[in-house]
């Protein structure tokens, strides 16, 4: 059933003239959206999403980078899929009440598929970040991004994809910065009661203060 | 997995997943019932919130009704925002003013405003904040009802508004004095007004409402 | 397996890992209901000991009211999922159980979200996407896996209440500290003297991280002294 929105989706691919006319505007929107979600609205440091892996896996830089890549991969897939499902099926048939149910099932399914695919065709890649995949289902950053795309009323597919990639890169950035700091923190003299999780949280707090400098940059 | 080749695959599938399918259907029905029961209340809440905010701005208004067609306003970067203007009427049904919802990008997130004007769409009756996520202690001063910032809009003319850093906040004109420490938020509100006011006035005149 | 690796990666030191596994074993072996309940509040407090459910802990604790609403929503979802999973525990197929948990939790969260939207619209607007994010809160899927899928109805209910209470109390304590320091008020009642300058930073993300870090440090000291 061609809903009005589905027709809108098609126009991004079919109507060349419209595309050319909007090209500059679109490029600007996409670029701003991308920088916005990587730095200004960084999911980890301003929206508190994906804190569990952010605290848990940021002990070593290579692990953190692996986790970041896995999240980027899955969030791109999940963000795109949920946007399509939301606009093609749910909004068209006013089944918005099923939104959360669909989103989480899509994410769980996507994670399973990616895991099986990697294990079969790219065993080396699976070895390097496959262990993080099952964890990602319960990573708030993924579901959070899908919900924010919906909340911000993103109405074209391209923007949704760019935001999803940006969210993944923002997560990778945050977790890698954190891992770098924690590697150095191991040499520091931290009071015994603050070792481990507490000092990581306090470091993260200082990090958010630094990221607050980006706020208001994009309007 | 080896013994399922002898079984009917559909039967095997049903055996493994019947619980999942049955509970999915049951949960779906449960959600559908609850949604059907509560949806009118949710919609009513939104209307109530709008009426409370707009009614606070247009004190004579007793009710608000949709007026004309919805207006789509160009908000830049190739995007549009659809506005539904509502007509505020007093107890006798006379027109006392107009109110509509609009939004703009603030410091942290989108700011959603309810804007009200007088019956001729010449003077602003002020604005109220439907939703915002501005910095506590600074940007969120825009949400203070009848505060220093909001009161500057009461009676301001419907034209291009201008933000100034220093000035007299008591004089009501098109110059709006910014909240110190929250220039971005103050600017965002003024920009939202400039994006929406004149196009809506134009469109309303075209629809014959003014 | 999902949770196994989850707990493994989540743990910081050998100590923490030991704590987590101790907490979980304790839960499944304990038959005393009172102990089950109080374990959730202190011994295996989901936030302070197991470091689960960090997102809402940090995000909604700028004031006590949203923190309390969030805590009660989590109690409701935890109760719903524990009851359903406990009733169906003999029918669960091992490889489909995570999917079943997710389905149950998502349903409960949608109910909670609809309820808040209908009867507490202000609160629903201020909590925003953090209510649907309860779905991916590790506490709930963790309790379904570690307790409800192995124990009977009564134990599961008590466990849900204990864990929920532990979560709610932690959230409220954190929120109370932050709200008092950020605004000088609590529940809109002024508690600080007039000369007090509000610490605006406490209401921002930085306040959440640092307060929680210091609370965790304090809990470490207390548990070391009592041990």
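To keep things simple, chains are lettered A, B and C as they appear, and every chain counts its residues starting from 1.
Convention: contacts are C-beta pairs under 8 Å (C-beta built on N, C-alpha and C of every residue); 3 or more make two chains touch, one makes a residue touch a chain.
Not measured: the values here are computed from a predicted model.
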Using the mean of all protein Cα atoms as the middle point, what chain has its own Cα mean nearest that point? A
Using the touch rule stated at the top, which two chains are linked by the largest number of C-beta contacts? A-C
How far is the middle of chain B from the middle of chain C, if each middle is the mean of its Cα atoms, in Å? 33
Between the Cα centroids of chain A and chain B the separation in whole angstrom comes to 27
Report the inter-centroid distance (CA atoms only) between chain A and chain C in whole Å. 23
Touching at least 2 other chains, the residues of chain B are 27, 31, 35, 135
Multi-partner residues of chain C (at least 2 other chains): 99, 103, 107, 110, 114, 204
Can you pull out the residues of chain A that are in contact with at least two other chains? 46, 97-98, 101
Can you list the chain C residues touching chain A in their complex? 1-2, 5-6, 9-13, 15-16, 51-52, 54-55, 58-59, 98-99, 102-103, 105-107, 109-110, 113-114, 128-129, 132-133, 135-138, 141, 201, 204-210, 212-214, 216-218, 220-221, 224
Within their complex, state which residues of chain B touch chain A. 27-28, 31-32, 35, 77-79, 105-110, 135, 184, 188, 191
Inside the complex, what are the residues of chain B that reach chain C? 16-17, 19-20, 23-24, 27, 30-31, 34-35, 38, 41-42, 45-46, 49, 131, 135-138
Counting only contacts in the complex, chain C reaches chain B at residues 62, 84, 88, 91-93, 96, 99-100, 103-104, 107, 110-111, 114-115, 117-119, 121, 125, 182-183, 198, 200, 203-204
What residues on chain A touch chain B, complex-wise? 22, 25-26, 28-29, 32, 41, 46, 97-98, 101, 152, 155, 215-216, 218-219
